[in-house]
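Here the chain labels run A, B, C and D in written order, and each chain numbers its own residues starting at 1.
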Amino acid sequence: HLGLSISDQRLIRNFNDTSLENRRLFAEFFGTFLLVIAAAGADIVNTLTHGSVGRVALVTAPALTVIAVILFMGAVSGAHLNPVVSIAFALRRDFSWRRVPAYIFAQLIGAAAASLLLLTIFGSAGGSGRTEPGPGFTDLQAFAIEILLTCGLVSTILGAASGAQNVGSLSAFAVGSYILLAGLWAEPVSGASMNPARTFGPDLVSLNVSTLWIYVTGPLIGSVIAVGIAHILRGPGGGRSGRKAAQGTLGTDTDH
Amino acid sequence: HLGLSISDQRLIRNFNDTSLENRRLFAEFFGTFLLVIAAAGADIVNTLTHGSVGRVALVTAPALTVIAVILFMGAVSGAHLNPVVSIAFALRRDFSWRRVPAYIFAQLIGAAAASLLLLTIFGSAGGSGRTEPGPGFTDLQAFAIEILLTCGLVSTILGAASGAQNVGSLSAFAVGSYILLAGLWAEPVSGASMNPARTFGPDLVSLNVSTLWIYVTGPLIGSVIAVGIAHILRGPGGGRSGRKAAQGTLGTDTDH
Amino acid sequence: HLGLSISDQRLIRNFNDTSLENRRLFAEFFGTFLLVIAAAGADIVNTLTHGSVGRVALVTAPALTVIAVILFMGAVSGAHLNPVVSIAFALRRDFSWRRVPAYIFAQLIGAAAASLLLLTIFGSAGGSGRTEPGPGFTDLQAFAIEILLTCGLVSTILGAASGAQNVGSLSAFAVGSYILLAGLWAEPVSGASMNPARTFGPDLVSLNVSTLWIYVTGPLIGSVIAVGIAHILRGPGGGRSGRKAAQGTLGTDTDH
Amino acid sequence: HLGLSISDQRLIRNFNDTSLENRRLFAEFFGTFLLVIAAAGADIVNTLTHGSVGRVALVTAPALTVIAVILFMGAVSGAHLNPVVSIAFALRRDFSWRRVPAYIFAQLIGAAAASLLLLTIFGSAGGSGRTEPGPGFTDLQAFAIEILLTCGLVSTILGAASGAQNVGSLSAFAVGSYILLAGLWAEPVSGASMNPARTFGPDLVSLNVSTLWIYVTGPLIGSVIAVGIAHILRGPGGGRSGRKAAQGTLGTDTDH
């Protein structure tokens, strides 16, 4: 990596500083926790109130959570909040493979903690907010839709994080817009999860993992396709902006 | 505080200039007034028209009010509009404790004025737009949800105001997105107040403070937790950006 | 005006260049035309389809029109689109009084043209999209609400345009958010017009001006109050940013 | 074009580099694919679930797709996603006429691919998501509305892309806001297509082109009018910003 700017070197040095790694993992934990609170919580309250939340609000709440979390905490950990996002960044070499397991672990724990808290507050009468193929749709249709939706989501994340686009913090709205639009049209088919962690939490506390495979393999395949598309569109890697977006810029600001 | 930049010193000098303090307090009064007009007004009009406003609009109106107020008046006072936000900034030392009582007083007066005006215009037939635990939910559930929601709200406010994030005016949309998502999924449980002032105004004019404790202690506990989380995520204080966001930058611009 | 920067002098010289004035007036005409097409058109299509547009969409369409128009044409004329906005800017001395009559004329013609086109396309069966006090509300209540809503709208416009806030193009979203929130909660009361031109177009083609006084005097009073509030909050005038926002920056860019 | 900056010359040199042209065409293909997936997919899922998607979500999903696509891929190809947008940029000389046929071809192929994939996943029971004049409206009314809507859309695109406005990446939200508002009020009349490619895909797979003429000629006429209006508002051409927005800035960033 000859030719790195001082700012680049500082980014890498800080990223290798393990005293900051716990902050990053906590950020992934807390962000995924907030995401599952909104996504599964909306479903539970909707069930308990016989539909007073409504389908549009159900899918809007988690999309807005991702916008808020990226804006308030994206600089800490990159705000992946989703195992297949961490994997996609690693495939593009914007993120180190050896950090992926801990990120995914933090995301899964965050999702599980959210589902346990919702169970504690609301009991089991409202269900757990699981995502599953909707009435009238087959597992295969849900699987295909999860591949398709996640391909678009990860394309949006990789593109909006790239230096070529130079959209800065507006990338939060690109990602949030995508999550919302996917939910608006495809939630009745598959729940529009696009995120193994979001599905894992409710599946765990409801002790029902019968359809979890759809939400692990579908998003994974979709994200790998998106990495290929990103390569066609912009060549290898997301540039310095891509690395910054993937890794967060924790420790690099001088604003104190 | 050696090493302060000239801009820092100017910020502090202006903030200590009491001739500007009345502007700040008026801004907190007016902003909270507009917030309660929209939040309680939506509820009152919805009651008077037998539901023609609808639940999504009910929770969207106050969230958009906060976005508009932060963008048009955030530089004057910081646009806290909420006692627990003033307290959270003070706990992080981004805001002086001795200013907190007057800020809270201005917020409570603004909320009360809004509720009195709504009562004058619409009479008492539409209720006063109180927040209270929804049908089918216990006080304890509403209390837990107010803690949880406010923890996320104050985390968003502190994070988006920090220099580490560097999102500038987009922080208004982070905060608005959070308030909206909280209302979308949790309004049926507790009213998704997250704000003692917003609850105080309608409680005062309806002479019903039976559940006010939930909306004072819940948001307070949630905001203290959020300050702790912010410390884990970013260490002590919000940096210069955090102080500017908390205090407003009144008097520091040279745009005349 | 000694001490003006070269950019200031250029702004003033261009603004006095009458060859550009026709562009500005055309922009006010076209922007108000688009606003009334969306606002009144939504009402007409809703009537013709027995409610398939829905109340939330009815109030969202004009708010989004204002966002789009400010972003695509704000630099030409300031995108007032509303007589009381031109008057408020003039009261603050951000805009010349002698330009106000032509601006208002362009706005009224734009509104009338929109209403005539809608009448031509849809006939009179769908009504004309008039704003009037809603069922169950008195003229006086509608009048009070128009004062209150417009006070908030003009406060948002003046504040977001001020240099103190420094929100740049995001002011479009502050204004759009305000228009949307006002419609969401108060449309059932008064139609949430806040704009004499928006009400004038449909009233003209329906030959029914029985309630026009509400939508002329209410917004006018509200905007005068807002100018007073802006003076309390930020002192006289909106600074250079305020003048630029009020006047547009037509002819000052060098992007060719 | 004497006096071009180095950055200008680089932009032109890169745009003439045919090794980048395939990326641009792929971007137009993929963006239009995603647009039709959301627009037609929402309609199909709505039909299959007897209306559980709902009209507001139906029109919001494609608008958000355009926002996401512009933000994540606008720099590659300009993200036209619509034949009449390519034509409008060419009419304004912001885009070369000789590139128009390939852009349109890529858009049509993208739309057809989306419709074929939706047919493969959902079968024909849900229809194909065609746009057609709504119940109670004539072809002529739909034609007039498509002219009117597209005139506003292309005005928004040309204006937000111009250097005079200087809104940067926020142009994505101007365009998305316009598409959404058009759908919100006018979808019951004509489907609010404004885009021959969006209509072509579903028409092709349903082997029903009976009303395709409306959605080719209407948007075409509307976009020509918009180019004339843009000339009145800002004179010839969109300046360097307009060219960059029309062409994308692929290859001009130095972010690696």
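Keep in mind that, in the parts below, contacts are C-beta pairs under 8 Å (C-beta built on N, C-alpha and C of every residue); 3 or more make two chains touch, one makes a residue touch a chain.
Since we're looking at a predicted model, the values are computed, not measured.
Chains that touch both chain A and chain D are absent from this assembly.
Residue numbering shows that chain C and chain D use the same positions for less than half of their mutual interface. Chain B has its Cα centroid 28 Å from the Cα centroid of chain A. Taking each chain's centre as the average of its CA atoms, chain A and chain C sit 40 Å apart. Residues of chain B found to touch two or more other chains are 56, 170, 173. The touch graph of the protein chains shown is a ring with every node of degree two. Pairs of chains meeting the touch criterion are A-B, A-D, B-C, C-D. Residues 55-56, 134, 136-137, 141, 144-145, 148, 152, 155-160, 162-168, 170-171, 173-175, 177-178, 180-181, 184-186, 188-189, 229, 232-234, 237, 239-241 of chain C are the ones touching chain B in the complex. The residues of chain C lying in touch with chain D in their complex are 23, 26-27, 30, 34, 37-38, 41-42, 45, 48-49, 52-54, 56-58, 60-62, 64-65, 67-68, 71-76, 117, 121-122, 169-170, 172-173, 176, 249-250, 253, 255-256.
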